Amino acid sequence: MSFLQDYVYYIGAFGLVLIGLFIILSRRNLIKVIIGLSILDTGINLFLISVGYISKGTAPIFSKPGLVAEDMVDPVPQALVLTSIVIGVAVLALALALAMRLHKLHGTLDLRKIGELKW
Amino acid sequence: MIIFVSLLVLIMLVAAIAALIFRDLLSAVIASCLVSLLASILFLFLQAPDVAMAEASIGAALITAVFVIAIRRTDRYEE
Amino acid sequence: MSETVILIFLGMIGLGIVLCLLRFLKGPTASDRAVAVDTACTVTTALLVLMALWFQRRIYLDVALVYAVLMFIGLVSVARYLERGI
Amino acid sequence: MRSIAIIILLAIVAVGIGVALMAIPFGVAKTQVGDHYTESGIGDTGASNIVTSVVVGYRAFDTLGEITILFVAAMGLGAVLAGGRKLGQRRDVEPASLILRTGCRFLFPLLLLFGAYIFIHGHLTPGGGFQGGAVIASAFLLVYLSCPGRRVSKVWSQTTESLGALTFVVLGLVGLTVGGHYYLSSFMPHGVVNELFSAGIIPVIYVAIGLKVGSDLTGIIDGMMEETI
């Protein structure tokens, strides 16, 4: 139980990063690769937020009297992740636009048949 | 409480693995929507309501719609 | 007393999410899975309101409002795909 | 051969990340910069939401770079998709059902109002320009889904986007010359904490960011929904 108390968020972030990386490396469909990129993005955001947590803390918003600054979680990772999410959707949409263009050019999304991208 | 959080993390990992093994790309997109939803709940548990709100509005609604439009313009099934 | 009630609610919400997950994993077509995720969204909104009570912060209700208003739009796009709309 | 290489690579990454994660303690003290922000954030900027004061107060220059990345990505998407367009060719789409059309007509103004609420109250409650912009983009996405054939006017979209970006840059430069010695330093009075008209220029900046992000994401949706095949 103590192990779960300490590491459950880290396990979640770790698992998401590994599954996303496995999808990116092993699948050959281009849209599946982009889905893996999205899952990897979510895992990294979860890790950054869980680093800034302190136990029994509360959100860094002084909305009612009686809150003290020592109880609050770290605001810096939250601010960074907030911009990271918005950049993530823009980059994902750009990648999907490139995939649509490739499908129009080659007629397939399979990476084995698109000769330039084979590894 | 910690048991409930562990249950949520387990469901999130199962949904991510489901996104890995589905051959139907539309089902994989729905699975990634579920992953984003549960990640948003975990952000609220970690006392980050700003990030939870951003993840709920962007990760669940907009990303799913963009993926579905892209699948509509290309192929649905992964061979 | 209040903590016991909240723990019972948490158990029931967890059961609801697990049942949605079973339908999601089992469902043969994509529309079954979309309906399962939609039900999970509704259950999750109740969970967020309960969290605002548990943490004693009234401002967390805004997040639940965003969930209730926005979560269905992504699944509406899936439904429009299935009826060849977009 | 390929699967063996993938498994070896994943094992290396897993061991590396795992060893690194075991060394980071969970739930202990903050960094010193986080301590400084939570202690003196209200006195410096006047916003009761510390995340807001970090995003548009202390680290506003990062936000300028982030907005630039968003703009470049939207422009690149338009440029990539515009190359393969054929004029005069339309797909046959089914019209939406009565329920969706009626729901969209009732829900669209409410969603716009809700997005405006989120980014106007960004310094008091959770939320801000990015979330409000995403809510407004979702409202336009609902219109695109329910009424096929209707489009957002390009002139209005570009005007809103330019207005937001121009407000952000001009206010930042004014703050650089008048207020202090850094970008977007606050030059208006702070007011009483936890009231709507407080926190100096932070609400104005968040309205500008909300307009910019909303029109950019709407542009992304518009570019993807166009008849490209």
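The first chain written gets the first letter, and so on, giving A, B, C and D; residue counts start at 1 in each chain.
As a convention for this text, a contact is a pair of C-beta atoms (placed from the backbone, for glycine too) under 8 Å apart; a residue touches a chain by one contact, two chains touch by 3 or more.
Please read these numbers as outputs of a predicted model, since none were measured by experiment.
By number of C-beta pairs in contact, A-B leads over the other of A-B and B-C. Distance from the subunit B centre to the subunit C centre is 12 Å, each centre being the mean of its Cα atoms. We define each chain's centre as the mean of its Cα atoms; on that basis subunit C and subunit D are separated by 24 Å. Our note on geometry: subunit A versus subunit C, Cα centroid distance of 21 Å, whole angstroms.
Touching of two or more other chains is recorded for residues 29, 47, 49-50, 52-54, 57-58, 61-63, 65-66, 69-71, 73 of subunit B.
In subunit D, 49, 51, 118, 125-128, 130-131, 134-135, 138, 141, 145, 217, 220, 224-225, 228-229 are the positions where the chain touches two or more neighbouring chains simultaneously.
Counting only residues that touch two or more partner chains, subunit A has 9, 22, 50, 53, 58-59, 61, 63, 73, 78, 82, 85-86, 89, 93, 96, 100. Contact topology of the protein chains: fully connected, every pair of chains touching.
Within the complex formed with subunit D, the residues of subunit B that make contact are 49-50, 52-54, 57-58, 61-62, 65-66, 69-70, 73. The touching residues of subunit A, when paired with subunit C in their complex, are 58-59, 61, 63-64.
By the touch criterion given at the top, residues 93-96, 100, 111, 114, 118, 125-127, 131, 135, 138, 141-142, 144-145, 148, 225 of subunit D touch subunit C in their complex. Within the complex formed with subunit D, the residues of subunit C that make contact are 59-60, 62-63, 65-66, 69-70, 73, 76-77, 80, 83-86.
Within the complex formed with subunit C, the residues of subunit B that make contact are 1, 4, 7-8, 11, 14-15, 18, 24, 26-27, 29-31, 33-34, 37, 40-41, 44-45, 47, 49, 52-53, 56-57, 60-65, 68-69, 71-72.
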